[in-house]
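Each structure below is given as structure tokens.
Look for chain A in each of the two complexes below; its partner is chain B in the first and chain C in the second.
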Partner chain A sequence: MEQSSLLLKKQLAELRRVPVDGFSAGLADDNDIYKWEVLVIGPPDTLYEGGFFKAILDFPRDYPQKPPKMKFTSEIWHPNIDKEGNVCISILHDPGDDKWGYERPEERWLPVHTVETILLSVISMLTDPNFESPANVDAAKMQRENYTDFKKKVAQCVRKSQEE
Partner chain B sequence: MTDLIKINAKTPTATYDVEIAPGATVSELKDQLLTKVANATKSQLCVIYTGKILKDEETLDQLKIGDGYTVHLVVRSAAAPRPAPAAAAPTQPTPQQPTPNIFGAGAMPSAQSMMNNPEMMRQVMDNPMVQSMLSNPEFMRTMLTSNPQFQQMLERNPEVGHILNDPSIMRQTMEMIRNPNMFQEMMRNHDLAMRNLQGIPGGEAALERLYNDVQAPLLNSTTGGNNPFASLRNEAGRDRSDRAGQENSEALPNPWGPPAGAGAGAATGTASNESVGNNQQPTPVPGLGGMLNSPGMSSLMQQMMSNPEMTRSLFSPEMMRTMRETMRSNPSLMDSIIGASPAGQANPQLSNLMRQRLPEMLEMMENPEMIQAMQNPRVAEAFRQIQEGVSILRTEAPQLLGMMG
Partner chain C sequence: MTDAENEIELQDQQFKQIENEQKMFPLVADRLPFDLVILDYDAETSPDYYNKAKELANTYGEIRQIRGDGNCFYRAVFVGILEVCMKNEEKAKQFLETCLGWNDRLLKLGFPDWTTNDFCEVFTDWFKKVVNKETTSEKIFDDLNDDSQSNYLIIFMRLITSGYLKEHSEDYAPFIDDGRSLADYCSTEIEAMWKDADHLGISGLVLATGYNIRIEYMDRTAAPNGGWHYDIPADCNETPEISLLYRPGHYDIIYHK
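== the complex of A and B ==
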């Protein structure tokens, strides 16, 4: 069996028994270890509190050499999540040097990362958006210039996620 | 019957463990959890496992949740029910005065409903005018000393009097009203300090003395239900005194997580407020809301309005100017005050009228003669009498009042 699937099975079993605060993870399809379904619980004391945001983690066969992709399937309005739901954080970027020179290699994907460390980064991203490299420029702009509207929009997403 | 399995349900702040049959449904798991989670209804509980929100009819063995497993538990905040303010309901016809006066008959219920709504309270507290008022120790002193409940407490516990002479304590108290999180943080720090003290030889005795001298009278003074801060002592506070003398080995409450109810309630309160634009619905929040709702607090408001001296300082030119400025620069605040007042809610015409007349009112407040008149204690007294009269009319002969309106 491939190293990647062994590793993922191990992480999955651990998370099933003792889940980590703030998110819950399982398989989207019991027969496909490379496709995970994650539910991110809106972190307390943030605009996202009360929301249950669904996301899919897509692992490559050469995991953990290469990072998984994370995509929210619930609508979520955030500067670092593009409008298709793709999460844009440095640790999910392929390892190596950034061709634009923004990110240092150690901020990008490293094989030591696990589902847990990825999700913890995502939760901290919800708490503290990074304005430097917004994936959703409109959301970033709105947060800076019209915070009231931004809050409203996030609250809508939170409500919607509760109904799903 | 097979052996029970142990399941841990983890919320951001606490972990509850229950023992349950392996074939039990999620619904049965929730029933078990309800016995442990304070102040929650079944529909508020949300059990999450392997990336899914579990449905009531699913069973644990289907889900492969075994002994010693942990699931996530989220206690949703209660859907904000609209509390029917007792004061406003039976007394519908509020007289429509020619020029609606914010300090007239409508003002009292509005103050009360304002107190019910923490978000609005925060807005009010953040208002520069209110802040300048509160940072004036002299003003606060008059306000507190003329409150009968506070006087009573002072008579019984003269040592508390120094609070009045210390503006920083006052400020802290006000900050506390504005910010429930800060209150919790303060409590946490106190708990920590207490625990450290208990570890020192002789510390126990010092604590006991402290308790007898300060805390006991303070707590006793809350039993009458007259103390505005009484209801701040929620569940956790109540057993504080019972625990006296025992070592506190419990984990400190996590200041970042919403403790059952309060935090979560406040936050979704905010979210639901957002949905209705700026028109807040009073959202009940256990603790803070209770305190603001307490008879003591509302009487404080009432007495603030009926004290001529207080009214005079309220109407001082400086105060008027800031008030005018805030009202003009922030029409939405005014709008939400009007919208949230039970009188306004019950009577859309009245609130519309008030909104329309807002510019006129602002103009009126700029008129120096008007300001002078308002500063006249006898005018204030007259206002008070009118208000009293209207409230007597309202209770004694509501029909009559309806005719006039």
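== the complex of A and C ==
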């Protein structure tokens, strides 16, 4: 069996045994250890509070040498999440990936990262967006120039996520 | 698409292409005659390299090429150590002890326990089979050429390199000249896969494993002692058991005649 699947199985068991505040994780399909479904709880005291946002973590076969991809399936309006739901944060980028040159390189993907460290970064991104590198330029612009509309749009997503 | 996006796209394609070209080489090739190195150079157009290769062929009989994927230094040293251990049970046991000891040393340095334990366990479980002769040379080299297995072992090599540098942070921090802390340096340059080893990485791995190495330099610079090689650490008394050939940007393993 591949090392990556063993490591993922162990992580899943560990997260079930000791859940971490702010998210829950399971398999999207019981037969595929490389595809996880996570539920991110909107962090308290942010616009996303009260939301339950579903996302898929897609692990490559060469995990943990390479990072997984994360994609929200719930609608979510945020400067660092593109309109298809793809999460664009530095921890999910390989160190060789120099097109994201604006980030501090030490925040890139490392094999010692876990699902927990990824999710904690995502939660911190929800609390504290990075305007320098928006994946959703419209959301970034709206947040800067028309905060009332931005809040409305996020509130809509929060409500929708509660109904899913 | 904007120009910037186009450029990123183009760059991506180039990276992918280089990666795919590299993947056509085995991670760890078989031992082949050193004369192959001479054949890489033309006596007329690159006499420097050609002559150095000829000179080295007097000392070295074989070469084992390693894939150039940014991990070549770590992989070359690791394979060198393995070959020593496969021939010498005492040394194999000793190296196993060193590696087992690293688990606690890494945790003490604050490496995340969960993943660190996993890399350490996978490594030591694998290496125990070598020590106890529960595996064959063929299986060992199959594993070394299996990307997922092999790179998992390389992650361990990178972790202990980083660990050694961090244990001696006062000695090494002054060599980092761009204002980064040693911890930042270790996470970007050492713990991250596919990053070439520079002199700190070289020193860290040698001292973390306890295996001295000799590096024969095939570039245009002259070595201090008239030869082309450096021993690491510089003050080691015996000729190191493991020799590497350095050609700009890349390391392979070479074997004395």
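Going forward, the second predicted complex is superposed on the first by the 159 of 164 C-alpha atoms of A that agree within 3 Å, B and C clash if a C-alpha of one lies under 4 Å from a C-alpha of the other, contacts with A are read in each partner's own complex, and residues count from 1 in each chain.
We take it that a residue touches a chain if its C-beta (ideal position, glycine included) is under 8 Å from a C-beta of that chain, and two chains touch if they have at least 3 such contacts.
Just so you know, these numbers come straight off a predicted model, no measurement behind them.
When the two structures are aligned on the shared chain, A:58 is found in touch with neither chain B nor chain C. Looking at the shared chain after the overlay, A:49 reaches chain B, while chain C stays out of its contact range. Of the two partner chains, neither chain B nor chain C is touched by A:75.
Contact with chain C, but none with chain B, is seen for A:117 once the two complexes are overlaid on the shared chain.
In the superposition on chain A, contact is made by A:14 with chain C only, not with chain B.
Within the superposed three-chain model, A:4 lies in touch with chain C and out of touch with chain B [touch as defined at top].
Put simply, chain A touches chain B in their complex at residues 16-19, 21-22, 24-28, 36-39, 41, 44-45, 49-50, 52, 54, 151-152, 155-156, 158-159, 162. Per the touch definition, chain B reaches chain A in the complex via residues 10, 12, 46, 48-53, 64, 66, 68-72, 74, 76-77, 181, 256-258, 263-264, 267-268, 270-271, 274-275. Every residue of chain C that touches chain A in the complex is listed here, in rising order: 8, 11-12, 15, 70, 111-112, 114-116, 118-119, 122, 147-149, 151-152, 155, 158-159, 180, 184, 187-188, 191-195. Against chain C, in their complex, chain A makes its touches with residues 2-4, 7, 10-11, 14, 61-62, 64-66, 94-96, 98-99, 105-106, 108-114, 116-117.
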